[in-house]
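Before anything else, here is the set of structures, which you'll find just below.
Consider the two complexes below, in which chain A is the common component and chain B and chain C are the respective partners.
Right after this comes the complex of A and B.
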C-alpha cells in the first residue's frame, strides 16, 4: 500500500506544471520582443514584385532605439543608396541624398514602392497601437497556434485590425507564423507569412523572412529578409536626429 | 443741299463707293460674327464650369487651395443643418450640394491605377450642376445604388473592365489608416477630356464618406446661383451672391466663384476676349484706313470742284461738312450692311449651333453664337466716328485751298 502511494506522489512531483493559459497581451508582447526589440541593428533585403512580374531589390540597414526611434539607411541598389528614413515618435522623415534634405512622409505611404508601408517597417509597436483579443484561429485560414485579433487603438494606425498567429506552445518559445491585415471596412488588405526561423545570436531566435502578399493588388508581393540582426544594449540617440541624416 | 451734293458725288464714283462700302461691310460683318462666336465660346465655357463641373460658387475650409492638389481630404469640414440652412437662405442661392474629393487606388486585382475620386450626392448634385451627368449613361441614377462607381472610358479600357464588373477602391482615411471597399462599375462615361477619362472616378458621397471615415463631412459645398438670363448666372450676379454667401458663413469658410476655382477657364475666357478685341481693333483700323484712302483720293480728284464751290461762295465750313458727310454715308452704309450680314450669320447659326471640339476633349461642344444689339450699335457708331475722324484732316486741308489755285489745278 505504501509503495503505490509513494509512486503516485513521486509521479505528481515530477509531472510538468500545467501550462498557464496564454493571454492576448502576451502574444503581442512576444511579437514585439521578437520583431522589434528595444534596441537593435539589422541588415535587411526587401524584394518587391510588381504586377508585370518585375522585381526590385533593396538592401538596407536599420537601427532602432526605444519605441519611437528608428532609422533605415539604404545601401543598394545604386539609385537608392544613401536614402534614409527616420521615425521620431509619430513623425516619419525621408532623406533624399540628391536634395540633401529630409521631407516628412506619411505612415500609410508605401515603403519604397513595395507592399510594406512605412508604418510596417518603421513603426512596429503593436503593444502601443493595438488592443489584442485571443481568437481561435486566423480568419479564413486553418492555421493552428495561438492567434490574437488586434484592434487599432486609434484612427492614425495603418490597419484597423490585424490577426496575428504564433506557433502553439509556451509563449516564450512561440514564433510568429502569419498575420492578416484588415481595413476598417473589413476588407483584407495584406497577408504575411513568417518563415525561416533562425538564431541571430545573443539569444534571439526569430523569423528571418516575411513574405507580405497584397490582397488588393493580387499580383504584388514583397519579401523582407533579415541578413543580420543584433540586439544592442545601447545606441546613441544622436543617430536619431534629422540633422544626422546623410552623415 | 449738302446731302444732295454728297449723294451725287458718291454715285458719280459708284465703283469706288461700292468697293469702299463693301470693304466696310465685310469688316463689320466679321467683327459682329467674331464677337458672336467668341462670346458663344465664352458662354459655353461658363456653362460648362457652372453647370457641368464646378457650380457657380464653392465653399471650402480656409487653406483649401494649399492642400487641394496633394491631399484635399485634409481640408474636410463638418457639415451641419445650420450651415446648410445659412447657405440655402442666402438670396440668389438656387441649390447646394456636398462633395468629397480624395486620391485613391482602383484595382481589379490584376490591374491598378491611381485615381482622383469625386464623391457626389446623386440627389442634390443635378440641382447644382445639371450637366454633370450628361455624359454618364443613366445619368445620376448610375450612382444611386450603393457601392456604384462610374469610370471614364480610358480608365475602363486600361483596367479591362466593363459595366457590371467588380473593382476595389483603396485609399487612406482622414486619420491615415488604410481602407478599401469593393464597388460595381455602374457606368462608363464617354467623351470626357482625356485626363478626366483616365484619372477620375465618381462614386456616391455616402460610399466616399465610409471609405475615408469622414461621416458628416465634406471637402466642398457647391452652390448654384439662380440664372439671370442666358441659362447661367452672369459674372456680376455670381459675385454678388458670393459676397452674400461669404457673409452668411463668416470667416470659418471661404466662398469662391468658379473663376477663382478654375483660373485656367477664367484665363481662357480672358484670352478669348483679348483676341476678339485685337481682331476687332485691327479690322476697325483697316476700315478707317480704307475710308481715309477713299476720301483722300476723292479730295485729290475734286480739287477743281472744290475751287469752283469756293469761288461760288460756299463757306469753307460747308466744304468740310460735305466731305465729312460723304465719309459718314460711306461708313454708315457699309457698317449697316455689314452688321445686317453679320447679325444674320449669328442668328442663323445660333439656331443650329456650331459643332466645336475643344482642345484636349474627345467630345464635341455646340457653340451658340451670341448676338448683341449694343455691339451692333457700337460697331456702326465706331465705323462712322472713325470715318469722320479719318476724313477730318483731309477735309480741312481741302477747305483751305485758295480758289484761284484750285481752279488752275489739272
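Right after this comes the complex of A and C.
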C-alpha cells in the first residue's frame, strides 16, 4: 500500500507543471520577436508567380531599427537595382535611382507587383498595429496550434484583420505556421504558410520562407525567402533618414 | 576631379563590395515637322537614332563612411531627314544636303565622393544632382540642374559640380552647398569652372567679339533647413547666384519653400515655390520689334540688321535689374489608387511668364526670323535655337520651356497591366489658351532585363485656334491667343513638330 502512494507522489513531483495559458498579446509579441526583431539586417528573395506560371524574382536587403524604421534596398534584378523604400513611422518613401529623389507612397500598394503589400515587408509590427484576441483556430482551417485574431488599430496598416497561428506548446518555442489576411468587408485577401524553420545564428530560430497565396486571384502566389538574417546590437540612425536614400 | 573619381572607381570596382549596374538602349524616333511652326524646322531631324550605354558604379569603403559613385552614359546619335515650310507659307518641303553624322557624347550624370567623418555629417564633392523641391514635372526652384523632360521626370539624371555639406538628423536636417559655374565643357566633362582663364577660348581667337570671358566669379551657393512637422515634409532654403548659368546677375538671391503631406493615405499634396527679384526671362525688345514689324517683309532682314548694329538685342532680359518680386511655384497632388494606378495633377505658375502682349512680340519675332531663315538669310537656329533634345545632360525625349504664366501638367500611370505592361499618359497645357502637348507611353517588361517602350507626342491646338479653324467668328476673343498674319496661336501651337513617335529597347545589366 505504501509503495503505490510513494510512487504516485513521486510521479506527481516529477510531472511537468500545468502550462500557463498563452495570452493573445504573447502570441503577437512572439511573432514580432521572430519575424521582426528590434534591429536587424537581412537579405531576402521574393519570387512572384503569375497566372501563366511565369515568375519574377527580386532580391532585397532590409535594415530595421526599433518599431518604426525600416529600409529596403533592391539589389536584383538589374532594372530594379538601386530602388529603395524607407518607412518612418506611418510614412513611406520610395527612392527611384533615375529620379534621384524620394517620393512618398501609400502603404497599401502591392510590393513590386507581387502578393505581398508594402506593409507586409516594411511594416511588420503587429504589437503596435493590431489588437489581438485568442481564437480556437484559424477560420476555415483545421490548423492546430495557438491562434489569435488581430484587429487593425487604424487605417494605416495593410490589412484590417489577420488570423495568425503558431505551433502548439510553450510560447517561447512556438513558431508561426500560418496566417490569413482579411479586408474590412471580411473578404479573405491572402493566406500565408510559414516554413523552413532554421537557425540564423545569434540564437534566432525562425521560419526562413513565407509562401503568400493570393486568395482573390487564385493562380497567383509569392514566396519570400530569407537568405541571411542578422540581429544587430545597434544600427546608425542616419541610415533611416530620407537624405541617405540612394547613397 | 571627375577624372580622378572615375579612375579611382574604375580601379576599385574590381574589389569586393563594389556594385555596378546599367543598361544599353536603342531609341528610334520619327518626327513630323509642323507646317504651322513660326520658326524654321530645317534643323529638326525627322529620323533620329540614339544609342546609349549607361553604367552606375558605386563603391562603399570604411564601413560605408566613404562612398564613391559614378553614373556615366555614352551616346551616339544619328539623325537625318529634314523638312521645312516653304517661305511665305505653303507645304513642307524636304531640305536637302542637311544630314548630320553620328554625334558621340559622354555624359557624367554624377561622379562624386561622399565622406561621413562623423555620424550626422556628410560631405560630398563632385558632380551630383541635388533636387530639393517636391515638384514632379517641373522644379521652379531648381536653378542648378539641367531641366527635366516634363513627360518623364526620371529621364534626366545629370547634376552639377558642387561641394555639399549635410547634417541629417531624425526629423530635421541642415544642408549647404557651393556650386562653381561650368563655363566650358567638353564631351560632358567640365573644363573651365568658376572663373575664366587668361587665355581666351579657342573659338574666340578667330572671332574676338564672341569671347565670353568676364572678370566675375561664377557660382551658386545655397543653404537649406528641413524638418518633418505635423506629418509634413518642410524644406526652406536660400540660394545666391553670382553669374551662374544663364543669369548674368551678381549676388542675386532666391528664397524657396517646399512642402509635402499625405492625406487619407492615398493623396499626396505638394508645393514648391521660389521668389526672386527681377527675372532672367527673355522677351522681345519693343524698339527692335517696332522697326521690324513696321518694315515690309522684304526689309525685315535690314530692320533686324539695324537693330543689331545699334547694339540692341532683339531678344533681351529686360527684367534683370527691376526690384519686383516674381514668384514661381508648382503645386499639385499625386494620388495612388487600389489598382496601383497613379494620377498626378500639377499647376505651374510663373510670375515672370510672358503676358499676352509679350508673347505676341516674341511670336512676331519668331515669325520674322523663321521667314528669314527659310530664305537662307539667317541660320535656322538664329536667335531662338532649334528644338534640341540633346542639350545639357542626357538627351531628353521632349524639350519644353514654359513661356506663359499658368500651366497644368496631368499625368496618369498604371503599372502591372497583365503583370508586365505599364501605361502612362501625360498632358502639358498652357492654361491661358489651352494649347498643349500630350504624350502616351506603353512599356512592356518582356523579361527581368529587357523592356520595350513605345512613345507618342502630339501637340494639341489651342481653343481659339481650334474654334477659328471651325469657322467661329470672334475666336480671337476666346481666352488669350496671339495673332500672327491673321492666324491665331497659343503657346504650343508653334511647336516645331506635328507629331513624334519613339520606340526604345532597353537591356539592363
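Note that in this section the second predicted complex is superposed on the first by the 234 of 247 C-alpha atoms of A that agree within 3 Å, B and C clash if a C-alpha of one lies under 4 Å from a C-alpha of the other, contacts with A are read in each partner's own complex, and residues count from 1 in each chain.
The criterion applied here is as follows: a residue touches a chain if its C-beta (ideal position, glycine included) is under 8 Å from a C-beta of that chain, and two chains touch if they have at least 3 such contacts.
Please read all numbers here as calculations on a predicted model, not as lab measurements.
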{"item": "Combined model on chain A where chain B meets chain C, clash or fit", "value": "clash"}
{"item": "First, second, both or neither for A:61, with chain B first and chain C second", "value": "neither"}
{"item": "Which superposed partner A:238 touches (first chain B, second chain C, both, neither)", "value": "second"}
{"item": "Partner, of chain C and chain B, that touches more residues belonging to chain A", "value": "C"}
{"item": "First (chain B), second (chain C), both or neither touched by A:81", "value": "second"}
{"item": "Touched partner set for A:217, first chain B, second chain C, both or neither", "value": "first"}
{"item": "First, second, both or neither for A:101, with chain B first and chain C second", "value": "second"}
{"item": "First (chain B), second (chain C), both or neither touched by A:189", "value": "first"}
{"item": "Contacts of A:156 with chain B and chain C, given as first, second, both or neither", "value": "both"}
{"item": "Residues of chain A contacting chain B in one complex and chain C in the other", "value": "106-108, 155-156"}
{"item": "Partner chain C, residues of chain A touching it in the complex", "value": "50, 54, 56-57, 75, 77-79, 81-82, 88, 90-91, 96-101, 103-110, 113, 155-156, 236-238, 240-244, 247"}
{"item": "Chain B partner contacts - residues on chain A that touch it in the complex", "value": "51, 106-108, 117, 152, 154-160, 183-185, 187, 189, 216-219"}
{"item": "Touching residues on chain C, where the partner in the complex is chain A", "value": "19, 21, 23, 56, 67, 69, 110, 114, 116, 119-120, 122, 129, 131, 136, 153-155, 157, 159, 166, 168-170, 173, 175, 226, 228, 231, 233, 260, 262, 265-266, 268, 334, 336, 338, 340, 415-416, 419, 445, 448-449, 451, 508-509"}
{"item": "Footprint of chain A on chain B - complex, ascending", "value": "105, 107, 109-112, 168, 170, 172-182, 210-211, 213"}
